[in-house]
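Below is one structure; the comments refer to it alone.
In order of appearance the chains are A, B, C and D, and numbering begins at 1 in each one.
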Amino acid sequence: MALMSQETKLALPREAPTTLEAIRLFAERRRSFWVVLSLACLFTAWEIAGRIPISYAFPTFSDTVAAFFEMVGDGTMIRAYFLTLQPLVLGVVISALCGIGIGILMGLSDKAEWLLAPVFIVLQAAPMAALVPLVTFIYGIGLTAKTLAVIMLALPVIVLNSYKAVRHVNPSLVDMCRSFQGSRRQQIFKIIIPDASPVLFAGLRLGVAAGFIGVMLAELLITPTGIGDLITYHRSVANYAHMYAAVASIIAVSTLTLAGLQWFETNILRPEKRRK
Amino acid sequence: MGYLAERIRTAAVISTLSLTVAIPATAIADPMRVAFGDIATVETLGLLIALERAKEQGVEVETVFLKSEDIAAQAVVSGQADIGIGGPYALLQKVKAPIRMFLQLSELQMYPVVNSEFYKDWADLDGQEIAVHSRGSGTEAIMQMMAQKNGIKYSSVAYVPGAEVRTGALLQGNVKATIVDSSGKRVLEAEAPDKFTFLPLGDIAATDEALFANTEYLEKNAKDAEILVDSILTTWREIAADPAVVTKLRDQYKLLPDATPEMVAEIEPYFAGLKDALPLNGGGEAAAKSDFDFYTVSGALTGDPKELKVEDFWDLGILNTVVGRIGTM
Amino acid sequence: MTVFGFRIPMMASLLVWALLWEIVGQLDLIFLIPPMSSIFSAGLGLVQTASWQNATWITVKSFVIGMSLAIAIGVPLGVLMGRFRIIDNICGLWVNMFVSAPLSALVPVLMILFGMGETTIVVTVFLFAVWIIVLDARAGVMQVPQSLIEMARSYGASRGVILRKIILLSALPEILAGIRIGLIRGVKGVVIGQILVAVIGYGELFELYSRSFDMERFWALTIVLFAAAMLLSAIVERAEKRIEYYAGAR
Amino acid sequence: MTIQASTAAAQFDPESVTTDDSVVRVEGICKRYGAVEALRGIDLQFERGKLTTLLGPSGCGKTTLLKIIAGLIPATSGQIVINDRVVTGPGPERAFVFQDFALMPWATVLRNVGFGLELKGVAEGERNRIARNYIEQVGLQGFEDKFPHELSGGMRQRVGIARAFAVNADVLLLDEPFSAVDEQNRRKFQEDLLRLVEIERKTFIFVTHSIEEAVYVSDRIVLLSPRPGRLARIIEPRIDRSASPDEIRRDAAYLDVVEDIWQSLRHYAE
């Protein structure tokens, strides 16, 4: 730690130590300062790049914000999210129910592990995006197809994390349960699942992240609906500010969702980890 | 050991650096960059042949195949492609860049079709869901125009890009009313002749695909553009005279080398069906005028069709020069 | 799993699935699933075609360039973030955000900034791979025991020597793990780039085969791609295993 | 299963205070892990009310033997007899104290202590009453609603010991229970343990690698030699426990036993 602060000091010019020092102190105290600062840097750079302009197809930041509020104001944005969230939520819920079940089964049974683990390892590592268009052949273009696309991306992640969670359960807790003659059922429900639950939840969070990717792929590859429709439609009519607003909003929504889940995980689910 | 590691490290650094430099370097050469809104298939063979002929006449052509027409249009707007393919009327009206069409490639040749189990004619579609290509597209325009004519209203319009996707969806039963192209029509007639009914359609003359570019590019590269327009028009005329020529020319220019036999067999019937929809004089002012009527109905264009100016959408200079040279048909 | 005392390797169960696939394919239940055997014969034919070789060349080229950039930029950035709080504060937000953001929505936008065609694909590969490499390199550097650094300093090691001989080597297990996950993400990136923006390379072939309902070739190409992703990750995993001994002992 | 309903008072059940000696008999236990032989031909008896320590260098299989007695690991050959019954798995007459405490991080001290009873289906009110009693006995009153992460290492192991006592087993198996506890607390623990041995009249089997600890707390020390683990010696320290702890630690007899054990183990140290 000492080495680090020394280097930080060296990086600063020596002429104006007071103001910089003050900023540095402030910055160290408040992490949000950095969030605001780096966001401000990006938005300024974006605004400048848009004003030059580097391309006719590159809107300024202010135009994008205006377009965003316009779309929120006239309700198109809310309608779009209503459409986009349907396959996302449905797909993630189905993946969570099946995925945690399959993952726990694989964690508990060597036979299930042998049979299923390689399949999910392949599916997680493989570029599933290539298979998304195939879904339309069987399930058409509706909600089913998009939900399936979300499941294709989210399920392997959730399964493998649940499986790992169960395999990494503290073995001495399991021994403890056995030494008190706990039945297999008690072992699973009183020890294994509670002990695995933080990792299970982390797997769910990663599943939600994969689900966002899945729903965007579905909306850009199967048929444009929701946010995907906003992106493609506004591009096709050269409303690039609107298109950027849609892209930025989905990234922001997914980031906020994941950050919220992470917060929930560290503050509510694992109080024992918070101190570290 | 240490020496070897050092050598490997240096080599790695150099190769990474050279790779970084190599990316922009490839973009320095200045060929005519043509952006397709679709992959190369039998349907694009005509244009591919014309591009080969332009190359023979000294125009350096570089093609790039993009996911969709709107991405192709975006590429032209942002200056990453010189010439785009599509019918971007909506975009032309809104975009700040001086993009203009300069050659009509094909006219809309579409066939509204319904699953006869559920619907028999236009009136049955009142309050029903239909599927078209994309928002503001020609297919939507046709369906909306027919709805107006027949005094009906659809409950909703689903956007399903790709005529072959809509054809497949019809066959699978996922879509009950949509609009397909000529090859889709042939597939439906071959696969399940009794299951689908093609709805009657009045006379429609509108641009399906056109070439468009930045006017600056057209001014600076007028010669190349003329050669391109010339070779397209002559190719179109050849195809119109004898659709079988496409198969021959494909062999000659070694296009679509890995096409399956089924695809090759598809070439002649496709172009035979297309024959009448091929604009042999490159569209121009007349095409623009009828497009205005048509696309204002679909909502792609806003305003009164009579007040829209051709010069806001079309750059006729090159087409007129070429047509002046080779004559009209 | 062990059967009659013989240990059956886990990946062997894929053969069971392949067999099941073959049976379903032979029953001709759905055109989407042709028999495995015909997929393999289609695959053999496929790799001999010029278009496959061409597509592979394009794909591999974009992938290699994108990955090299991701590693060349990601590892140093991660190390810097791990060493200097100020850089960590500035970049942390973006790295954490993009590591799990739906980048596929961003890909069409990238084209405007970075150009079309192969360049976009390179950028896509880079963007898919780089964040996890940064994060893992950072985590690796953060985990370097302070006592190791103090040991090196007490023996008079210079800053550069500490960086090369202590920090980089000590963080190597995490850096390699990051690169392995980065490689897998890069493969996903190359495919997404190729089917979402510029339809070239494998993306073009996928599009072509799925449109002409050529399922044998489609699956053959999928298997080639999946196998490549697994192979790449297996290679890095091997390298990881070789240095695993000190990941635990550190 | 009479233990289920047993209470703190039931510990003095006259039936359990038998004069009969061996509660646990280890008969010809061998353990192999593939080609590695961990334990060879172990025969031992453990008496009621006595604390026996399994002592030996690392790799002598002392923890393995303890877990075999606990029924957590199956033996390759030989048998474990407890109260004249051959056992193959864990049973209600034995309770285990873990080296790493094995506390459930999501459960309060109260629930952790009552967990053994919870598994047996004892009603909540009853098991909480028993748990509170033992929490008090190990000196943790006031911490019932804390979570393990809020306790120090020493306090956590007190929870582990209270949990083992709460099921009122005849035999307590302690696997290096104080190795993760700092030196000061360790001594306090050893004294507490001696007190518990005295009042509870149970059979204690204790594993440690500390010679001083073994000599201080044990009635009997079983020395194991490594690779494969075999019985080397059995020592009965016979320390006068009426003296104060500090006196014991300075006692010549105590120091002699420590030295004696060290001499027989030293050639195993590398």
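Following the convention adopted for this analysis, contacts are C-beta pairs under 8 Å (C-beta built on N, C-alpha and C of every residue); 3 or more make two chains touch, one makes a residue touch a chain.
Predicted model, so just to flag it, every value in this text is computed and none were measured.
Put simply, the chain farthest from subunit A by mean CA position is D.
If each chain is reduced to the centroid of its CA atoms, subunit C and subunit D end up 51 Å from each other. Centres computed as Cα averages put subunit B at a distance of 82 Å from subunit D.
Taking each chain's centre as the average of its CA atoms, subunit B and subunit C sit 35 Å apart. Subunit D has its Cα centroid 48 Å from the Cα centroid of subunit A.
Among the residues of subunit C, those touching two or more other chains are numbered 108, 112, 195-196, 207. Looking at subunit A, residues 55, 57-58, 137-138, 235 sit in touch with two or more other chains. Every pair of chains meeting the touch criterion is listed here: A-B, A-C, A-D, B-C. If you check the complex, the residues on subunit B that touch subunit A are 68-71, 73-74, 77-79, 88, 90-91, 94-97, 131, 134-136, 158-161, 165, 168-169, 172, 174-175, 300.
On the side of subunit C, the complex with subunit B involves touching residues 49-52, 65, 68-69, 72, 108, 111-112, 115-119, 122, 195-200, 204, 207-208, 211-212, 214. Contact residues of subunit A toward subunit C in the complex are 1, 3-5, 7-8, 11, 27-28, 31, 34-35, 37-39, 42, 54-55, 57-58, 110-111, 113-119, 121-122, 125-131, 133-134, 137-138, 206, 209, 212-213, 215-217, 220-221, 227, 231, 235, 243-244, 247, 250-251, 254-255, 258. Within the complex, the subunit A residues that touch subunit B are 55-58, 136-142, 223-225, 229, 232-233, 235-240. Across the complex, subunit A is touched by residues 67, 70-72, 89-92, 94-96, 98-100, 102, 104-106, 115-116, 118-120, 147-149, 167, 173 of subunit D.
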